[in-house]
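Note that chain A is present in both complexes that follow, paired respectively with chain B and with chain C.
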Partner chain A sequence: MSEHHWGWLVAIYLFLGGMGAGSFIVAALVELSGERYKHKYCPTTMVGAGVSGPLILLGTVLLIFDLGAGLREPWRILNMFTNPQSVMTWGIWILSLFIPIAFLYGILEIMHVYPGILAGARKRLHFLPETLPYRNIKRIVCSVGIALALGTAIYTGVLLSVVRAVPLWASAILPALFLVSAISTGMGLCIDLAATLAIPDVHRRFKNLPLIHMVLIGLEMGLLALLLVTALNQGGEAARSAKLILTGDGSIAFWVLVIGFGMLYPFMVHVYAFARHSHGYVSGILSGVGIIIAGLFVRYIIVAAAIPVVV
Partner chain B sequence: MEQELEGQVADTDGPLPEGDKRTGLSRRTFLKSGLGGVLMVAVGSKWIPFSQAMEQVETDYVMIIDLEKCTGCGACELACNQRNDLPEGKSFIHRVSKGDDPDCWCLPVQCQHCQDAPCEEVCPASATYHHPSGVVLVNEKTCVGCKYCAVACPYEARIYDEDTGVVNKCWLCLDYVLGGGQPACVQACVKGARIFGRRDGLEIAEILASGRTEVLHPEFGTKPGVVRYIFPGS
Partner chain C sequence: MSQKLSLRSIRKWPRWAIIPIGLGLAGLAIVLGLLLEPAAGALSPTMVAPTPTMPTIAYSGAQANGCQDCHFSLSTLQASAADPDAAETYLIEAESMVTPHGRLGCLACHSGDGEALDKETAHQGLMADMSAQEPDKCLICHEDLPDEIPGDRLKLPHGALVERIEQGQPCDVHCSDCHGGVGHGFDPLSGEKYCSMTVCLDCHQEKNLEIQMADCDACHLGPHDVATSLTCNDCHTSTEVWHEVGLGIHPVSLPGKHGETACFQCHQYPDFKGLNNVCTDCHESGHSDWGDHDCTQCHDPGGTWDMTASTWEGHIDHWDQYKGQHVNVACAGCHFETYDFDPNCSTCHQTPDNHADGRSEGDCVACHQADQPWVE
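Up next is the complex of A and B:
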């Protein structure tokens, strides 16, 4: 596939931004619903809170590496806050607010799980309190953070969908697809992967989780199909982009990695998990890996299949 | 907005030259009539004086490219490359071949200096802006090189410069133009396919009034401001 102006770096950034936001949403919902406190140890909130900040920061660093003059003269990056008309400016603002919140949530979660950290710090810094009202603080951090996480996930789609010069992208379906994919990759990472690794029978405890995730994967497939079918019907460059994905250079990655391994397989795993109230250890991990790979490749394929309008 | 302006123009200044209603009236003529400050038109959600609205609609300069005269020799492309010290093979002008053999013709494309420029809208660093003359410029000191403008430009008029890390484009050789000269591509066109001048200049106004010129892809909704074409067979 020919990369137009943006390529892998931007695709990875969109993916990490989505997965980071998704992980935050999943962890924060488990926290806010009180589900976290029903277990002695909750790997989902631990991983979700712990990785969302670093993932988004890594994505942002990659985005900076894709810059030209902004990389050589980093103070120029401040200019990127200045155009309220630009979706990229919205994104920079959202990320600047979300990254600290996500890191704060991660630190609070780690301190909550390991009280020894605060106790240890207190030996040196005597002014520190003995303990903190973690649950109350996290409730505020999670509520604010969920809004910013939704903003992050949606903006990555809007960034592309406002580009009328690329008909494949110029669709309201794209932000919806990226949002659903963000939450799905977040669940893939925090539940299918992390929770399965830590507690093999995790789905016996969260009975409705496979159902929720199954619906999300189904929705993702539906939105992806809708995006491509609309593009095919639209004709012109949109149809050429869609054909590039369906039958052209991107088809192997699309059918094997995105549809097969990343959507159909996890979908079936979750149907099975819902019916049996359990994940197989191996199938849980594979499904998590598949969902994450699909999250990355669906973005790369969409970025790389950009065929601009013919002048 | 455009329709409202058309309405205003038609109401206040009598019949317009056919085929080019929007630009048929020179801003200066209109201002001389003294109505510019009195009439108010809606732009977006704001009411602004008509004279200001006209400023947003019209550019001072027009470049007409006569595709019946253009042979596709590429002299403009080369002149642009040399004038702007661009790396070999790069230019702010690119040629697109149109039509099938033997009736093929060449379409030279550069920045159209759109009034509703998508590159200006998406630029996070506010590095792309409109010069008061209506020409779209890039501030090389503030551009971060994110390439969002290159992605958003439907005319593919943006060139990423590896050396400076800045995305650049045709700036209409504004230094020449403001000094009373002509852009390098116009000077280089030996076939006389490029006609450049002030919008209210005699030659330009006459061709515009003839209604033979068209903007490239009006359906993009970008309202090209400077470049207009005379298409083969028009």
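Up next is the complex of A and C:
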């Protein structure tokens, strides 16, 4: 696309932040609902807890890298903690709290699945207990972490929506869209992709999973449509940004990768799964790939289609 | 069949392997996106690129390499300048391009043609100071400007200026008058000063503005409620450093080092009401069994620390015979042991021979007063 005010680096940051938060939310909901304990092994919580921390951390590093000044004088980031009027300060507080929580959840989940880790640690650190009340600890971590994960997912949208100079972004729809997309990509990664790879019929474990998927994809399509229609009706730079996405430089990426492969295809797979209570192994994985690709490109085309106001 | 084989082999992997697989898949999705985007872009219908009406939002880097070719090099500037001696004025430090404003690129503020190969074309439509010629462009980013900065105790004319700019009215004051350094080296995050007060005063005098030097309250948010007794100038003698205080007046004399002590070492901040410290908070008392915290009852803070007992007017309240020649006696003349030592007349005076009848029994004041002739 012709005007890259913020480029791929920011889009990938928003994507990783969203998917990390979404993965945490999915895993934590499976944990809190007790679904995790209905089977001997739950790959959804394993992958969700395991990847959320690294994904968010990687995204944050990319953001610091993009800021430039953060590399030259990294201590400047401390200034960002003390300006409550800035949405970035909210974000940095949320991220600073969420990253350790996400890593803690990952470590607890791995230790829960592999009790030998604690036993091995006890050989050197004798003060450690024989076992830990993992479920109770994780319940607390997940409860706190879900709030922070929601904050992270919403923040990735708020970060753009406060830029009033770009009318396409300056919309309350964007945080909602990014939140739904975050949960959707989290499900795509944790369930459709990773968990399906580990246990091909994992989708059978969650009775309403296809319905949840359909609702999320439908909601995401609706919010995306609302964003673009609002921008078209608004006119000016907002409409020009929307046209750039719908019929301009970003149109193939939008219609093929986001709408076609990333939304309609997974939607149809889950409609089929909902009706037949099953879907194919490959179609499940491809559905996950599509959802994740859509999550990435939704953010990229919105970032890249920014046209600032005319003065 | 091959699918079943591969599934079986996947299920034999350790359970933790799902984590690196998940991370890898996320990475693969990003790589796939990066690969697909150029292809998708190439297949997309090409629209007429929207005119970047305000390229100031582009954070991707400087947009005018042509400007840098000359303005980063003093020798190149000197070679092309009409006055080589003045060339340094137009030299831009390369580091300034990585500041927040520098990253907007030269053209964002100065216009011109960044791709032109000759100086004349490059400078066509050039704006030396965008804030003077097109101040509304500054407001794209700087819309919510504060009217007060409590941390710096400053009142600012931002609101009135923004209103005039938005209404298209001419302004005598431009952003660059105070924030001139922002484009070339000044970095707001570093916390450097925007401009000194001398700049404000010079400008106000030059333009004969209504607010002049004496109107401190017009620009400053003073913390002290002393308007009825003091003016700012009484203490604040510097227009450059607010904390540089020269003591203009003080209700009592502050001799010696006291005159060099910061105000709020002694007074309570911010309104000078009451004292924070008494003498013994700073000075060690030489006599723990005597006197109170107000050493000036006996000691003269302006002179030497040696006592001048006659200056203690309150002594008469403690001893009614502290009069006559007694006031000329040094303190230690009577209190030669400790200040708790309470002398009586016979401590210093011998009982006269004609009092051998024991009439006084040490209580001389029954008949005599220290400030009256003794013979009576």
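By definition in this document, the second predicted complex is superposed on the first by the 307 of 311 C-alpha atoms of A that agree within 3 Å, B and C clash if a C-alpha of one lies under 4 Å from a C-alpha of the other, contacts with A are read in each partner's own complex, and residues count from 1 in each chain.
Definition applied: a residue touches a chain if its C-beta (ideal position, glycine included) is under 8 Å from a C-beta of that chain, and two chains touch if they have at least 3 such contacts.
Because the structure is a prediction, the values reported are computed rather than measured.
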Clash or fit (per the criteria above) of chain B with chain C on chain A: clash
Which superposed partner A:Val87 touches (first chain B, second chain C, both, neither): first
Partner chain(s) touched by A:Leu197 [first = chain B, second = chain C, both, neither]: second
Touching partner for A:Val166 - first (chain B), second (chain C), both, neither: both
Per-residue touch tally on chain A - higher for chain B or for chain C: C
First (chain B), second (chain C), both or neither touched by A:Leu132: neither
Touching partner for A:Leu219 - first (chain B), second (chain C), both, neither: neither
Chain B versus chain C as contact partner of A:Asn79, first or second or both or neither: both
Contacts of A:Ile107 with chain B and chain C, given as first, second, both or neither: neither
First (chain B), second (chain C), both or neither touched by A:Phe15: second
First (chain B), second (chain C), both or neither touched by A:Pro308: both
Interface residues of chain A shared between complexes with chain B and chain C: 4-6, 68-69, 72, 76, 79, 163-166, 306, 308-309, 311
Chain A residues touching chain C - in the complex, by the definition given at the top: 1-8, 12, 15-16, 19, 23, 41, 43, 46-47, 50-51, 54-55, 68-69, 72, 76, 79, 106, 110, 113-114, 163-166, 189-190, 193-195, 197-200, 237, 240, 243-244, 247-253, 256-257, 281-282, 288-289, 292-293, 296-297, 300, 306-311
Touch list for chain A against partner chain B, complex: 4-6, 66-72, 76-77, 79-83, 85-89, 92, 162-166, 306, 308-309, 311
Interfacial residue positions of chain B with respect to chain A in the complex: 96, 107, 109, 118, 121-127, 140, 142-148, 150-156, 160-162, 164-167, 216-217, 220-221
Touching residues on chain C, where the partner in the complex is chain A: 3, 7, 10-11, 13, 15-16, 18-19, 21-23, 25-26, 29-30, 32-34, 36-37, 40-41, 43-47, 49-50, 52-54, 56-60, 98, 103, 134, 136-137, 140-141, 143, 189
